[in-house]
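Heads up, there are several structures right after this.
Both of the next two complexes hold subunit A, though its partner changes from subunit B to subunit C.
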Partner chain A sequence: MPGVLTAIADPTLRAAFREVLLRVADDELVIGHRHSEWTGFGPDIESDVAMSSIAQEELGHARVFYEQIADDEGLDIDRLAFGRTPGEYRHAALLERENGGWEFSIVRLVLYEAFETGRLRLLAASGQQPIAGLAETLTREERYHLLFAETWLTRLARGAAEGPGRVQRALDAAWPDALGLFETTPADALLVAQGVIASTPSAQRAAWEAAVRPSLEGCGLRLPSSGPREGGRRGVHTPAFDGLLDQMTEVWRSDPEARW
Partner chain B sequence: MTHDNRGHDGQPRESGDVTRPQPAAGAASAETAARHDAGGLWEHPLGAARDVWAVFVQGRRRDTHVYAGDVHAPDAEMALVLAKENYTRRDPCVSLWVVRADQIHATAQDAAEMFVPATDKSYRFGGSYRQQRKAFQSSYQAAYREEDQ
Partner chain C sequence: MTRPGTGTVEGAVWDVLGTVEDPELPIAITDLGLVRDATVEDGRVVVRLVPTWIACPALGVIRTRIRTALLSVPGVREAVVEYTYDEPWTLDRMTPRGREQLAAHGLSVPQCRFAEPPVCPYCGSHDVAADSLFGPTLCRATYLCRHCHNPFERFKPPVEP
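Moving on, here comes the complex of A and B:
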């Protein structure tokens, strides 16, 4: 089967769709790396194993999307994933923030997975094969990620001691970055106009808010009123990403031509 | 599970909490206390901690749920969420059960001789039943493979 990108004849539309694929892959790679930092440090051994497993799955999803780009353009997938300058990555800032406490990682997971579920649904309906079929399949795993995150969120936020305050502070900190997931570039308007993506970014954001609101308010949290903090979708990242990229690419950089 | 008790991939080693025949410490209620008969202690509650859940995995829809190990969790929902990643990563699974391990009673190791027949009861052993079940299962699986997938 020809790759998803080569099948798009119009070069402007192809570039726009590539940008969306790269966002997905970069989001998944970066959050997968952050989750993997919990391996050996989780609050209990069971959640440690579960979070590590989620990390593996996010990396697996990143791989699926990098492959689509790499295959079409004859690129080496590891070079695409690890060999770019910071400004060439297109993930949102939410995903590169340091874990801090478990509650932040859980809040981030809730906010991100709700977003990712909506995005995969749009890609599944995009008509662009094989991405549409792949997106449909990946949704299965994201469902468990969200279940894990919401199960933890509820218990932390309804706790008797310092839990509610800590979760609220984590939510306040994550919220502007979460809204930054919906940052737009000209690619978004083009994909909507051409009927590839069926929902405008503002409609996507409204749907996401409607999805997370019941989970958050249901366990006594207040939705922050702060606005979005943007930049990631244009390659502008926070200092936290420098350290992450450095560590994440350390093995690959030691010998980029190595074969496993 | 504890770190000490962790095998590969978080799977507990053979002597997990639930398999250790420890009577409940301290004041056990009449309902859960160890029971003696003429031969001595013959059954007792496992005496597991309140947050230990026994996990049962069903591999295919026509299999029984089989005990796989334990998780620590404050409630059943969290126990199921954690059991999913800790006990279904290696083999197929279609359904999980969790049950509080402190609800499990066990026969004592000392009472093992009550399972040993005093006269020849080989006519009961039913090896042929097991063979039949095996043959039945493999033909059933062949017939329903698609449905089970």
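Moving on, here comes the complex of A and C:
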């Protein structure tokens, strides 16, 4: 089956679409690893299993996006996932932040899943197969993540004691990075100009805010007024990513040629 | 999808596909509706599958099981198994037999949508409470029956739009 990238004849356009695929894969890989840190530490057994399942799904989603690139370019998928320098990763900073408390992971999940829903809709409408079909399929899976996240958000933010304050502080801390999800590069402008994708990330931000506002305000939270903190889409990451990358690539680095 | 008759390589291919079970569910992949199409050309079989869950860890096992089974069919010299995203997997893809087998295994199976009221597989009661949307595998959610007090699992398809 010819891949989505081989089907794009123009090399500049192909590179731009590759950039978008890599972002999706890197976002999912990094958030998947952060979620997996809750395995064995969730507040109750159901949440522990849920967060671990969400982690498993995000890593699986990352894999299929890496496959699209790796198959087209004859690369080894593990090398693509684990064998890059920090500056070659394209995920947003929100996803690499340390978990801290459960409330931060839940707030991040709400903000990210809403963003992911919008991004998958755009890819599904792009007509670039098999990515469009894949995006349509993934929309159905991600829906459960958002349901889980919103249920927990309400539970924490409507708590009687320290809950509301802690959730608000988590939201304040996450907000600039969440806006950084919408960081836009020349690759996005090119894809829109050529009609491959209908909208740039920055043009999606208002729709995202409209989507998360009811869940947040509905449980008494205030939307922060801070601006975006960007850099991730250009490979600029925070120190939190160094530790994460070290840990998640440790086994692979011990023998990059190993067959599993 | 029409299946070719017996006596042909195509027929033998479909027969053997019907013997391959999902490692996490005790039913054949054909009853689960995983097989989108199978083509045979000059001894080369290409099977395209619709995954239930993209991240399902069983996908690789299923691919290997199918390849091994196909290569045992006389007249098959090459077997290619690939996953396709041309259409999302939905409950409509399951056969009635597949549903019965999952029910016999103790799993509650929605008739057409996950959003419909769950039924306890032990006593048939609708008086049930969701315990967790995330169960022991990606494709199962857990519930408690308020009527017979049994915990049970329900087959969980990706959310319909």
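Just so it is clear, the second predicted complex is superposed on the first by the 259 of 260 C-alpha atoms of A that agree within 3 Å, B and C clash if a C-alpha of one lies under 4 Å from a C-alpha of the other, contacts with A are read in each partner's own complex, and residues count from 1 in each chain.
Here is the rule we go by: a residue touches a chain if its C-beta (ideal position, glycine included) is under 8 Å from a C-beta of that chain, and two chains touch if they have at least 3 such contacts.
Note that this is a predicted model, so its numbers are computed, not measured.
Once the complexes are laid over each other on subunit A, subunit B and subunit C cannot both fit and instead clash. Contacts of A:Glu46 after superposition: both subunit B and subunit C are touched. The wider contact with subunit A, measured as residues touched, comes from C rather than the other of subunit B and subunit C. In the superposed model, A:Arg143 makes contact with subunit C only, not with subunit B. When the two complexes are overlaid on their common chain A, residue A:Gly60 makes contact with subunit C while staying clear of subunit B.
Contacts of A:Leu134 after superposition on the shared chain: subunit C is touched, whereas subunit B is not.
By the document's definition of touching, neither partner reaches A:Pro86: not subunit B, not subunit C.
In the superposition on chain A, no contact is made by A:Gly163 with either subunit B or subunit C.
When both complexes are overlaid on chain A, the residue A:Gly3 reaches neither subunit B nor subunit C. The superposed model shows subunit B running into subunit C at a single listed stretch; among 39-47, 57-65 or 111-119 it is 57-65. Common to the subunit B and subunit C interfaces on subunit A are residues 46, 49-50, 53-54, 144, 147-148.
Note for the complex: subunit A touches subunit C at residues 1, 46, 49-50, 52-54, 56-61, 63-64, 129-130, 133-134, 136-141, 143-144, 147-148.
Note for the complex: subunit A touches subunit B at residues 44-50, 53-54, 144, 147-148, 151-152, 155.
Of all residues in subunit B, those touching subunit A in their complex are 1-3, 6, 9-10, 71-74, 77-78, 81-82, 84-86, 89. Looking at the complex, you find that subunit C touches subunit A at residues 51, 53-57, 82, 84-89, 131-136, 138, 142, 156, 158-161.
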